[in-house]
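Order of writing sets the labels: A, B and C. Residues in every chain begin at 1.
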Amino acid sequence: MIGRIMALIGAALLLAGAPARGQTVEIDYWQYFFKERVEAIDALIKQFEAANPGIKVKHTTFPYADYQTKVAAAIPAGEGPDVVQLYYGWLAQYMKAGLLQPLPTDRVDPAAIDRDFFPIVRNMKIDGKYYALPTAVRSLALFWNKKLFQEAGLDPNKPPQTLEELVEIARKTAKRDGGGNLLVGGMTVDLGMQDQHWVREVLFRQFGARPYSDDNKTVAYNTEAGAKAVAWYDSLVSKEKVSQFGFMTDQPTAFRSGKAALTIDGSFRLGAFDGQRGLEYGVTELPSYGGKRFNFASYWVNGVTSKAKDAKRDAAIKFLQFVTSADAMELWLQKVGELPARVAVASKDANQNHPKYGPFIRGLAYANATDFVDELGQRKIMIDLFDRINLKGVSPAESLRIAAEEEQKLLDGHYKK
Amino acid sequence: MRGSYERLTIAGKQAVWAWAFLAVPLVFYGVVRFYPTAQAFYLSFTSWNLLGEARFIGVDNYVRLTQDPVFWKVAVNSFEYVALGLPISLVLSFVIAYYLDRVRFGHALLRALYFLPHLTTAAAMAWVWRWLYQPVPVGVFNGVLADIGLPAQPFLRSTDQALPAVLAPAIWAMLGFQVVIFLAGLKAIPRSYYEAADIDGAGAWRVLREITLPLLRPTLVFLIVISSIAFLRIFDYVYNMTNGDGGPLDSTKPLVLSIYQTAFGRFDMGYASAQTVVLFFILLALTLLQMRLLRKPR
Amino acid sequence: MTISLAWADRVAPGRIVAWTVLFLGGVVMILPFVYMLATSFKDNSEVYDLSLLPRHPTLENYVELFEKTAFARWFLSSLLTSTVTTISVLFFDSLVGYTLAKFDFRGRGLVFVAILSTLMIPTEMLVIPWYVMAKTMGWLDTYWGIVFPGLMTGFGTFLMRQFFDSVPDDLIAAARLDGLNEFQIWWQVAMPLVTPALSALAIFVFLGNWTAFLWPLIATSSKSLYTIPVGLAAFSGEYQTQWEMVMTGASVATLPVLFVFILFQKYIVNGVMLAGLKG
C-alpha cells in the first residue's frame, strides 16, 4: 500500500516536472534493429533523460525478422516493453490481444492530434481515444532509373506523370532478347512489396472504385471500375509485357540492380537505393490517372503497453509524447530519412521541395492509409488476386470477386466481436 | 536399503538401474517438453491471444479446422513434402553412401563435398536457390534447360512446380546428414558376410538385396522416421524462398508455416495449438506405423 | 581393406566410372555453396550478377563484418552454447539410449515413444512456455537460458538406442560377471563400442545448435549474448537485406562446423570395426 502511495506521489511529482529524488523509474523501449533508427532513438533518449532526471529509458532492439515473435513470447511472461514500436497495420491484432492501453485524453488530446498530424494517423483512434502515435510516416512515389532512360533515348529528367505515360515509357525502356526473355523490365510488378498498396489505395480510386466502405466494414472494390484497375495492372505483364512477376526475385532488387526502369516504392527505400553503387535514380509523385492523384501512407507507431502501470505508465506516456514531438521529428528526418508525421514540420519549404523527400511529402497531402484488420491476411488476398489471373488464367473480374469475398470474411470476423 | 536391493531378481535390479538412469532425463523432458506439449493440447480447446486468461471454447478450433479450405490445402502439401522428399532423398543418399563406401581414393574429400550443404544455413542458401530458379538470362537451371533445347520452366512461379522447387534445396541440405548415417550403418556390417557372399559368387545386386539392405535395417528405421518428421515439419526453406507466404496461392505452404502465421502473425494461439495437435498426431501415427512395419522379423 | 575392396575390385572399370560420377555429383552439390562464397567477395553493385567469379573481388565485406559488428563476440557465444549442449547431449542421450536398448523393464516402450514424441512439436510452439520458464527461473538473457531446452534430445536418444541395440548382450553379461556395476558397464564397455554414432551425434548436435535461430533470439536481448545466426539476422531489415553481408557471415560461420566435421568424421568410419549394427 505504501509503495503504491509512493508511486502515486512519484507520478504526481513527475507530472509536475519535478524529479523525485532517488526515485528513478526505468521503462523499457523496444524497436527492431535498424542502424539509423537505433542511433536516432539513442539520441532522443539522451535528450529525454537530461530533461527528466527521474526517468531512465532502456532501449532494446531485435532483428526485424521475428520481431513479432519476440513480442509474442515476452507478453505472456509479463516481460517486454513499456513503450513498443509497431507497424500501424498490426494495431488491430495488438488491440485484440489487449497489448496496448489507450493514451489518456487529458495528456494526449485527441483534438490536437487530429489537427496537428496527417489525417492518416486517425486510424490509431478507436472510440475517440488514440492508442499509438507515430514519429514518422512514409508514402509512395515513382522511382525511375536515369541511365535506362538515356539508353532508351528518353530525357532522363522527365519521368512519367500519368499512367498512360508510364506505360509508354515502360514499353520504350523494356528490353527482351531474341527468345522473348525479359532482360530489363520497363516497370516492376510485385504485390508482396508496395504494389499491394498502390493497387488498393491508389489504382482502385483512380479507376473510380473505393477499396472499402467508409466504416471499413464492407469491401467496396468489387465493381466494374475495380475490375478495370485490376486488368490495367495485370496488362503490364500480360499485354504490354513490360514486366514479369518474380523478376529478379523481387521489386526492389530489380530496381537496385539496374534491371528495371520504373518502380513504385516507399520513402524508406531511399537509403537502400542511395547505398547501391552505380544506381542513378530520380523520384517523382505517383502518376495520375484521369487527373486524379492518390497515395498510400503507412507508419510505425509508438504505443504504451498494458504492462506499464502507475509510475511506469506515467513515464511511458511522457516518453511517447517526447518522441512524437516536433523536435524529435526533425531529428528523425535527418537521421533516418523518414517523413515527419506532423503537418507543420513536414510542410516546411525545405522539406516540401527536397529533391528526394519532396515527392513523398507532397504525396502525403492526398494519401490514405488502409485500416488493416489483419495485415498478413489482407496482403495475401492481394497477392492471390493477381496470382489467380497470372497463373490460373482466371479473369480479372472473377478473381476480384473471389478476393472481395475472402476479404469480406476477414472483415466480418474482425468486426463481429 | 542395500539388503532389499540384493534381494531383487536380476530383472528387478535392472529395472532399478533403468529408472535410476532415466530419472534426471525424465524430469527434464517432463518440464521442458511434455509440460509445454500438454499446454498446447489444453490451449487447442481455448481462445487465447497471449494476454489474459485463455477462454475455454470446447472443440470450436477443431471444427474451424475442418471448415478451413487453406488448412486442407496445407495438410495435403505437408503430405506431398513427405511423399516426394522421403523416397527421393533416401534413394539418393543410399546410392551415394553405397558407392562412397567403396571408394578409397579421395574418400574424405568426396564425403566432405556431400556433407557441406548440410552445414549451411537455410536463410543464406534459400537466397541462392531463388536465383538459380530465375528465368533466363539470370537463372542457372533455365539456362541449362535452354542449352539442351528444353523449354523454360516457371519453377517458383507455378502452382504445380513450386512445391518440388522448394523441396529440392531441403533435400539438398538433408542429403549430407543421411549419407553420413548410411555410411556409419554400412561400415557396421560385419565383413564376414561379404566374404561368405564372395565365396558363393553372389552378384553385386544379390549381395545388396540379401545382405546389405537387411543388415541396414536399424539405420533405415532411424532415417525413415527422422526424415519423415523432418519433411513433415519443413519450414525454413519454404519460409525463405516464398517471402514467408507459402505461395503462390498456398501451393507450397506446409503445416508449420501455417501454425507460425496463426500464432505470431495473428496471435491466435488457440487455433495455432489445434493445428499443432493435429500435426503431433499425424507425426505420431506415421512414426508408430513405420516402426511397426519395419520391425525385426521374428 | 579388404574384402569389400576386393569385392569392388572385380568391377574395376566400374569403379572409375563410379568415382567420376561421385566426384561430379559432389561438385554439383557444392555449387550453391560456391555462389555463397563468391557473393561474399563482391561489393553490392555486383551481388545480383550471379557470376561465379567476382569481377572485382574485395575483402571489404569481411573487414566490415569483423570491424563494425560484434562478430567475434557472437562467435564465442555460439561456440560456448554449442559446445556445452553437445557435451550434455552426448552424455544424457547415450545414457538414455543405452537404457532403452539394453534394459528390460516395464514401461520401456512407453518411455521410448514419449521421448520420440518430443520430435513432433514444432519449436515455434515451444518458445512461449520456455520463455515463461526462463523468466521464472531468472535465466532470461543468460547463456544458461539459451542452452537449457536443448540439453537432451529425442533425436540423439533415438540414434543412440539404434546403435546400442547392436552391442552384443554377451559382452554386457561378461562385464556383469566381472563385477562392474551397470553404470560402469555403460561407460567402460558399451560407450567405446559406439564411438561412430557418438561422433555422428556430436557433429549433428553441434551443427544444430550452431545454426539455431529462433530460441536464441527469443531468449536473449543483450547484443553481447547473441549467437551468430541472431547477429546475422540484423542484416535483414524491413526495407533491405544486405545479402553480401549475410553471405559473408554465413561463409565465416561455416568454417567451425566444417572443422568439427573433419575432426569427428574419421571416427564415424574407422571406429566401427568393433561393433556391427544389428537388427
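Throughout what follows, a residue touches a chain if its C-beta (ideal position, glycine included) is under 8 Å from a C-beta of that chain, and two chains touch if they have at least 3 such contacts.
Everything quoted here is computed from the prediction, not taken from an experiment.
**Student:** Can the chain contact pattern be summarised as a line, a ring, a star, a complete graph, or none of these (other)?
**Tutor:** Its topology is that of a complete graph.
**Student:** Any idea whether B-C or A-B has more C-beta pairs in contact?
**Tutor:** Counting C-beta pairs in contact for B-C and A-B gives the edge to B-C.
**Student:** Suppose each chain is reduced to the average of its Cα coordinates; what separation in Å results between chain A and chain B?
**Tutor:** Those two chain centres are 38 Å apart.
**Student:** How many Å are there between the centre of chain B and the centre of chain C, using C-alpha atoms for each centre?
**Tutor:** 15
**Student:** Which positions in chain C touch two or more other chains at once?
**Tutor:** Each of 124, 128, 213, 233, 236 in chain C touches at least two other chains.
**Student:** Spell out, as numbers or ranges, the residues of chain A touching 2 or more other chains.
**Tutor:** Residues 66, 69, 72, 76, 248 of chain A touch two or more partner chains.
**Student:** Quick check: what residues of chain B touch more than one other chain, meaning two or more?
**Tutor:** 50, 131, 138, 263-264
**Student:** Within their complex, state which residues of chain C touch chain B.
**Tutor:** By the definition above, chain C touches chain B via 1-8, 11, 15, 18-19, 21-23, 25-27, 29-30, 32-33, 35-36, 39, 50, 92, 95-96, 98-99, 103-106, 108, 111, 113-122, 124-126, 128-130, 133, 148-149, 151-152, 154-155, 158-159, 162-163, 165-166, 182-183, 186, 196-197, 200, 203-204, 207, 211, 213, 229, 232-233, 236, 243, 246-247, 250, 253-254, 257-258, 261-262, 265-266, 268-269, 272-273, 275-279.
**Student:** Touching chain A in the complex: which residues of chain C?
**Tutor:** Going by the criterion above, the answer is residues 43-45, 47-48, 124, 127-128, 131-132, 135, 140, 213-214, 217-218, 221, 230, 233-234, 236-240.
**Student:** Where on chain A does chain B make contact in their complex?
**Tutor:** Within the complex, chain A contacts chain B at residues 66, 68-69, 72, 75-76, 93-94, 96-99, 177, 179, 181-183, 192, 244-250, 306, 374, 376-377, 380, 383-384, 387-388, 391-392.
**Student:** Which bits of chain B are touching chain C when the two form their complex?
**Tutor:** Where chain B meets chain C, its residues are 11, 14-15, 17-19, 21-22, 24-26, 28-29, 31-37, 39-40, 50, 96, 99-106, 108, 110-125, 127-129, 131-132, 138, 140, 169, 172, 175, 177, 180-181, 183-185, 187-191, 194-195, 197-198, 204, 207, 214-219, 221-222, 225-226, 229, 233, 235, 256, 259-260, 263-264, 269, 272-273, 276, 279-280, 283-284, 287-288, 296.
**Student:** Give the list of chain B residues in touch with chain A in this complex.
**Tutor:** Interface residues on the chain B side: 49-52, 130-131, 134-138, 146, 152, 156-159, 243, 245, 247-250, 261, 263-267.
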